[in-house]
Amino acid sequence: MEDQWRRETKPIDFEGGIFMPYSWTVGRVGSRFFIELRDNGRIMASACRKCKDIWVPPRMRCPVCFSEIDEDAWVEIGPEGTLRHYTVVRYDHKAQPIKPPFAYAIIDLDGATRGFTHLVYGTELEDLKSGTRLKPVFALDPQGNILDIEYFTPVGGQGG
Amino acid sequence: MKKVGVVGIAQTRFERRITDRNYADLVYEVTTGALEDAGMTIQQIDNVVTVSNDFLDGRTISSMAVMDACGAYGKNVSTVEGDGMFGVVYGAMRIWSDSFGTTLIVAHSKGSDGPSNLITNAMFDPIYHRPLGLDAISSAALQARAYMDRLGADPEDWARASVKNHGNAKKNPFAQLPLDLTVEEVLSSRPVADPLKLLDCSPISDGACAIILADEENAHESRQRPVWIKGVGYAAELHYLGDRDLSRPIALVEAAKRGYKMAGIGNPGREIDFLEVYDAFSYMEPLWLEGLGFCEAGEGGKLLRDGITELNGSMPVNASGGVLSAHAVLVAGLVRVAEVVLQIRGTAGNHQIERARIGLAHGINGPCGQSHCVVILGDY
Amino acid sequence: MGRRVAIIGFGQTHHSARRWDVNGLELIQEAVVRALDDAEMTLEEIDAVVIGNMDHFEGINYVDTWSVEGAGAFMKPIFKVTTGGTTGTTVAIAAYYHVASGLFNNVMAIGWEKNSESDTTGAIITCSDPVWDRFSYSGAIPSLAVEASAYMREYGVTEEDGARVTVRDRGNAMNNPYAHLREAVTIEDVMYSQMLTEPIKLLDICPRSDGAAAVIFSREDVAEKRCPKPAWIHAVSVRHDTTWFGDIDYTRLTSLEGASKEVFRIAGIKEPVKELDVCELYLPYSFAGLKWMESIGLCGPGEAPRFVADGHTDMGGTLPVNPSGGVLSTNCIGATGLLRVGETALQIFGRAEKRQVEGARLAMATGFGGCFWSDALIVGAGKPQ
């Protein structure tokens, strides 16, 4: 399709973009999770009494059965957990919080029935495998967001 | 429920970057192309469904840009934001509701216009997932790993999907990446996000596709013999990756169940002749075949090893080259339908398969196939 | 028209400038749970969901999949439709087709927006073409000001005439516990509010809100069994205009003329003012409450200011418009059109409480958005032909 026109003409691209700042509402449930994380270094989950599922991040309603989860049905989980699946990322883009190579992992935090997705770093990434025990490395200056856990790293490994 | 069939199709050639046409131009090209294919005029179209995405187009109300180009002026028109397959389902619903007789569905995207990683990062929950920098590729890599961890899947088998589909693309004039590959070349291509290599991933593409649906009465106005929609099904599972068992596409199982029931299909392996599935990554082809019920969980790789899904195999998959060979997001699902139609018409040219009476088209929305849609088409 | 379809349940959030207590998913849940309660239905009975909003207000791509747990759509069919300001009515119309197609028995339509999360006008500006229009397009208010000026000049309409629409809608919102702005205003308040773009002042224009709406559409037999007074869908119609703002005819709202004509024809309505009992119109600014009344055909050209001033559109008038307080009182954009539809259903159910129009049996809802696009629906107590 790149015809005569394309050979003779340098096409014009109009460089632009959408630059939109957002301020996402975290809400009552999410705020409690992040305040516990920021102020006490605790990872909280919410338990659906009907489904017996322990959800992290905590939810206002069970995603499966839709019944309301009381604020007293919260439990502390982790902070350690077991690596379920991982990938080592070897390309970069602007939304990544750290420079590759690093890993993403789905982690079964101790006490939860559903997985928690986060970063794994500070270790020989080649040695990771399903079943590796992981612990969180907390940010020195927590802000009340998901990166208050900087990343997870193997228990007893370097960088902990 | 009355019969609804496809009477017109058109697609652009897919390219890494189309510089001589903007996306409205692409929509105009496939709209006029589909009308010509059907032997119809825009006056015979009584409603339009466009498919677009504000992130991909870099504009709010992205459908605004194509209202002129798809001939929607003065007509009932709506916009689906998601894979083109959902546009087909909605377009058919509008006819089944007895409100309309002929629906034009048109999808466009120019992946080359924007930053693909940032656009797919934006499909994750902004509070819990997005700050981690996840995108379509890294989340798919987690799914590929889950497939290995839970079901013993072998990346060598997926490499076969890449070899096969890029090979099929050589016979499809619309495909972007016709390639002669070997399994070793795929396995030794640049690691992107383990276990995925560069040649396990679909490309960024520009392009558009349109199809025209009609009920029996209006189909007579077309010069094409209609390819009938026999069944549709779609469903979604949970969003957060940790909430899901990524190795089990339960939403696809549900979508397929609904589609088969509507189409009266009891044994898909025997009753469906061929498939066009959404292989955005090579591992998806075997995983989706498992979800669609063509084999047991963990057995998808065997179908590739045994050559069953080859162009001349007993159940060809992605004879067109699939999404691995051209991945205009949103458009790709609509292309799956168009390719099934080409095969059933017997006009697929060099990539025509021998027995093509009942075909299945498949599309996905969201990370790791969170939402699936199947459309089953046939010649009767 | 195919199979008969009726609305049997409606839920909405308590709308406000910012719902700090809930994130987007939880906001959606609030409306969904209320709709289920209203229909006395369980989530298991809902067999498909259709959802809509505008991407750049919250910056979420693929809202259909992101929202699954908010929408109660786990393992259910769900997809997203979106058409700018008309998104809410687009969702309603899509839900109608879902059920009318025969594929589903009960379909949940959801519209939502958390406009507090971004710059509403900043996002709207990006609807204009990036190459040709965006450098000069400054959002919805100035383009509406162009059509208002043209209308005022044509018929000698005054700013006070426009202000009366705000006064009516904001007064009605006092009866609606869910409305965002619940303070009555006077003509003077409107006249002395900050000038934004001649002739539009702050109180002539809608707010931006956080809110969600959910409406349950059911097939005939379910509706009859489950709802004492189902709100039957009599007609739906959509008209879009051209792509470019420069191609729009600012002296007429041709899309609303076209959509209204089509729904009146389908529903067999010949004299809308006499036959309709109540309207919930998408009036995003005060002058729309004049000019667009004429586009719908409720008044002749230039007659709307008199019609409104004489109280015909007030509660207790010939044809009450916006008992809910309308868009001028609540505007969570993706939900706004669906709120119009839900409010008309509530009128037919006879459950609108303090904002009930006595004996309402036939109602009209409209949507507005995009590049001067319009949607129209007719909802009634009697079964459609």
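All chains are identified by letter, namely A, B and C, in their written order; residue positions are counted from 1 within each chain.
We take it that a contact is a pair of C-beta atoms (placed from the backbone, for glycine too) under 8 Å apart; a residue touches a chain by one contact, two chains touch by 3 or more.
Keep in mind the model is a prediction, meaning the values are calculated, not measured.
Visitor: Chains touching chain B and chain C alike, please list them.
Guide: A
Visitor: Based on CA centres, what chain would you say lies at the far end from chain C?
Guide: Relative to chain C, the chain with the farthest C-alpha centre is A.
Visitor: Is the number of contacting C-beta pairs greater for A-B or for A-C?
Guide: A-B
Visitor: Where the CA atoms of chain B average out and where those of chain C average out, how many Å apart are those spots?
Guide: Result: the chain centres lie 34 Å from each other.
Visitor: Report the inter-centroid distance (CA atoms only) between chain A and chain B in whole Å.
Guide: Centre-to-centre distance between chain A and chain B: 29 Å.
Visitor: Which whole number of Å gives the spacing of the CA centres of chain A and chain C?
Guide: Chain A and chain C have C-alpha centres separated by 37 Å.
Visitor: Which chain C residues reach two or more other chains?
Guide: In chain C, 23, 56, 58-59, 68-69, 74, 123, 126, 130-131 touch at least two other chains.
Visitor: Which positions in chain B touch two or more other chains at once?
Guide: Those would be 58-59, 126-127, 238.
Visitor: Please set out, as single numbers or ranges, the residues of chain A touching at least two other chains.
Guide: Each of 16, 18, 22, 24, 26, 30, 63-64 in chain A touches at least two other chains.
Visitor: Please output the residues of chain B touching chain A within their complex, sorted ascending.
Guide: Per the touch definition, chain B meets chain A at residues 13, 15, 18-20, 58-59, 115, 117-118, 121, 126-135, 137-139, 141-142, 144-146, 149, 190-196, 238, 240-243, 246.
Visitor: Quick check: in the complex, which residue numbers of chain B touch chain C?
Guide: Where chain B meets chain C, its residues are 1, 22, 24, 53-55, 58-61, 63-69, 72-74, 76-82, 86, 89-90, 92-94, 96-99, 119-120, 122-127, 232-239, 250-251, 254-255, 258, 365-367, 370-371.
Visitor: Which of the residues in chain C come into contact with chain A in the complex?
Guide: Per the touch definition, chain C meets chain A at residues 18-24, 26, 29, 33, 43, 56, 58-59, 68-69, 72, 74, 114, 116-119, 122-123, 126, 130-131, 134, 210.
Visitor: Looking at the complex, which residues from chain A come into contact with chain C?
Guide: It is residues 14, 16, 18, 20-30, 59-61, 63-64, 66 of chain A that touch chain C.
Visitor: Please give the residue numbers of chain A that touch chain B in the complex, ascending.
Guide: Of all residues in chain A, those touching chain B are 1-3, 5-6, 11, 13, 16-18, 22, 24, 26, 30, 55-57, 63-64, 84-91, 93-97, 104, 106-107, 114-119, 130, 145-147.
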